[in-house]
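Structure in structure tokens, see below.
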Amino acid sequence: MTPKTERWEQAAEVPLMLAAFVFLAAFAVPIIWWPGTPAQVVLVCEALVWITWVIFAVDYLVRLILSQNRLSFAKRNWFDLIVIALPVLRPLRLLRLVTLLSVVNRRASSNLRGRVGTYVGGGAILLAIVGALAVVDAERGADGANITTISDAFWWAATTMTTVGYGDRYPVTPLGRGVAVGLMVSGIAILGTVTATLASWIVERVSEAKAESDSVSRDIQLLRQELAELRAVLRKEPEPGSNEGAKPH
Amino acid sequence: MTPKTERWEQAAEVPLMLAAFVFLAAFAVPIIWWPGTPAQVVLVCEALVWITWVIFAVDYLVRLILSQNRLSFAKRNWFDLIVIALPVLRPLRLLRLVTLLSVVNRRASSNLRGRVGTYVGGGAILLAIVGALAVVDAERGADGANITTISDAFWWAATTMTTVGYGDRYPVTPLGRGVAVGLMVSGIAILGTVTATLASWIVERVSEAKAESDSVSRDIQLLRQELAELRAVLRKEPEPGSNEGAKPH
Amino acid sequence: MTPKTERWEQAAEVPLMLAAFVFLAAFAVPIIWWPGTPAQVVLVCEALVWITWVIFAVDYLVRLILSQNRLSFAKRNWFDLIVIALPVLRPLRLLRLVTLLSVVNRRASSNLRGRVGTYVGGGAILLAIVGALAVVDAERGADGANITTISDAFWWAATTMTTVGYGDRYPVTPLGRGVAVGLMVSGIAILGTVTATLASWIVERVSEAKAESDSVSRDIQLLRQELAELRAVLRKEPEPGSNEGAKPH
Amino acid sequence: MTPKTERWEQAAEVPLMLAAFVFLAAFAVPIIWWPGTPAQVVLVCEALVWITWVIFAVDYLVRLILSQNRLSFAKRNWFDLIVIALPVLRPLRLLRLVTLLSVVNRRASSNLRGRVGTYVGGGAILLAIVGALAVVDAERGADGANITTISDAFWWAATTMTTVGYGDRYPVTPLGRGVAVGLMVSGIAILGTVTATLASWIVERVSEAKAESDSVSRDIQLLRQELAELRAVLRKEPEPGSNEGAKPH
């Protein structure tokens, strides 16, 4: 990373976070305030969504220009490119909020398991909010839809991410089902991460508990003992040797 | 922890446990005995709920006063504070029962995996009871509710905590859904802990089974062999050296 | 274990297995052949169920009598006692089939992961069969029941054990729900064991793959190198020492 | 493996892959283009399905003939035999596509976790496609079926493999339910693999983070220090010995 890129990233961090929050608000307001959002509010929100899009696009372009190898930059940051290039599908726009996870990240402890926990917790809540907003937006107008209020949408997001899936609420539109698949896959990843973090904790505790009786360290103790004996042998023997060499004179 | 705090905690342990049990009973009776609980019984139960609340509050205050750094105490025990400060929402009151887990804990074996198992088992059963009571209490009066008997509530709690979620029973009120999300998250944690404990057991068994063929300990064996040879060399050589030094005479 | 107990267990193994198979068949026939099982068939099956019960009870009693410490024997084998003492509830009788798992066990490879896999596979299939039979038996007569055929019962058992839980089929009787909770808990345990076995396999492969670059074995390599140098030093030095001691003459 | 077998497998790889792709297309077209697939298209597809079957059968036979021990070959490749011997049940034919996973495999990174990830990702998507096609094919004609379009089938496959199971869509025919059980079991395996891969990653990171403070490597450091001291002792002592031997002159 060039020093310029680094300086840009530091300078852009706070504006990008703000843009992500403004974007979330501008996306959420017309969905929550429904039906009967005043036309001006809709307009302002739509404008804010596009302004934040421009901010994200500018950040991407600046980083692309500052990078030494642009092709490798584009490859490494394919996710950013998708997020910026595909703002047509409304739920996909919400992927931009993944940026918010880095706020969570910086606040996390330096401890790895603590960081994993914070990521999972923060990510799960952010995903539930985003998924609920996206689904209610996609489903509301459809025939036979049963997720039509924000409160139902949050309930549905919780039953989906935990893989409980009662089936009292479920999406019926292709867009809503796409969002659902995203939430399910996230749910599995979250379940997996919770389990894995717990497993790593238990494995560590158990292995600590039996570290003393460990065969490797016992072997090393034996080795050190042998070395000590060997040194004792060496300390004793050269002296009688030199005495014997000196005596005859 | 100051000696005073320690003495208080030891003295308060049994009364707090009793208070938790009384609280559970006083909470459960009007929910199970429904409809048509005599007014006196309801009154007595309500009184017991408040008395146990006072006991928990007193315990918290005494520990706060006895602590050396009150701010750090309040931070460390934020969960206790929430449990005491928010007795308005009825299901939240049930969080007080988390205290019961320490009974389970003291009865558990000293073995870590045994303790995890006991916690998970005891916690899961306690959560199912508490969740079932809280849901039936929240749902019973609501329109379109389908969890209206204690037996249905236990069945629903089991399908939720195992993330099976048939959907024959599901909460419809915001309060009931909140309780459900709590049970789902607990279910994931329990699933994760069961898996992690099993994983740690299998990892340990497998690593024990191949400890003999392990490369590290084989390396150490080779090392010890070399040391033994080296000692043999040392034992032999100084003697001919002293002989050679002695011969010329 | 006394030599007598050992001889008894070896002698009883095959008859107990046969009894378990006969029991499964005698339990299954009247459930599958429904409605309109001839009265004689029902009678024969009922008789066989009781005969197998007697066989299991005799085995338990003989082992109890042969054991040195009867109280500790009863404690260790509490599960056997429950299985024998509670044959009134029909689904609980099926717990006797847990004995069949030891057939699976003896056929399994000596490899731990292989054995875990065989147990999980065999146990899952046995549980599905037993659960399906028990549920259809419990539900068939009930009002509003939707698991009324053997084929529906197997389908329901599969959706329950995998925690999918569509909710197109679900038990409505207390007995059926009890069986369901048993299957759900088994499902979680199976899920956990599958994950744990995979985790242990991946952990082992990954650690093997980086064993060469491992810091411990690299340290040991360095140690061995130092030892070799040390031996070279020792081999060379005593000889010039004896030469120098010889020269002056 | 004989050199002949190896040469055959290398030569057959590309044709087999092509056959698998052609097979998938020939299987999918009449299912997707429904109702009203022209009779010729159905005929061509059916012909292609049988041609690809012949290709797989020829490959199996050649490998069987080239193998040194035919019985052990048949045992090791029992899965291939089932896939070829049972082309009567239509969904079972789709098992042939498991061959496609080896394409995924060769494209995967050499890193084990990367390869596991690629397998799981590729396998999950392939399974969802195959399961959706098989279910819609099995269910379409049945009474009371609710999975009748390709889009519903994909949605159902996603809810099944993630074990969410809303129950808005579920199979009702024995064949469809068999496919569903296959998807559920795969879902559990995928869930397990995701968790296990994450667990292995976390365990490795955590153990790396504390490698420095590790007791084993600290022990080895101490050992090396002792060796260095020992060598210093050896380097110093022979010289005073020779000096003392030289001095008297």
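Quick notes
In this document, chain identifiers A, B, C and D correspond to the written order of the chains, with residue numbering beginning at 1 in each.
Going forward, a residue touches a chain if its C-beta (ideal position, glycine included) is under 8 Å from a C-beta of that chain, and two chains touch if they have at least 3 such contacts.
According to UniProt, the chain labels map to these proteins: A, B, C, D = Ion transporter.
Remember, it's a predicted structure, so these values are computed and weren't measured experimentally.
Farthest chain from subunit D, judged by C-alpha centroids: B. Because subunit B and subunit C share one sequence, their contact can be compared position by position; here under half of the interface residue numbers appear on both sides. Copies subunit A and subunit D of the same sequence differ by a rotation of 90 degrees once their CA atoms are superposed, given in steps of 5. Rounded to a whole number, the gap between the C-alpha centres of subunit A and subunit B is 26 angstrom. Shared interface positions of subunit A, defined as residues touching 2 or more other chains, are 163-167, 191, 195-196, 199-200, 203, 216, 220, 223, 227, 230, 234, 238, 241, 245.
Interface residues of subunit B facing subunit D in the complex, by the touch rule stated above, are 163-167, 195-196, 199, 216, 245.
Taken in their complex, subunit B has these residues touching subunit A: 112-113, 116, 160, 163-167, 170, 172, 174, 177, 180-181, 184-185, 187-189, 191-193, 195-197, 199-200, 203-204, 211, 214, 216-217, 220-221, 223-224, 227-228, 230-231, 234-235, 238, 241-242, 245-246, 249. Residues of subunit A that touch subunit B in their complex: 151, 155, 158-159, 162-168, 190-191, 194-196, 198-203, 205-207, 209, 215-216, 219-220, 222-223, 226-227, 229-230, 233-234, 237-238, 240-241, 244-245, 248.
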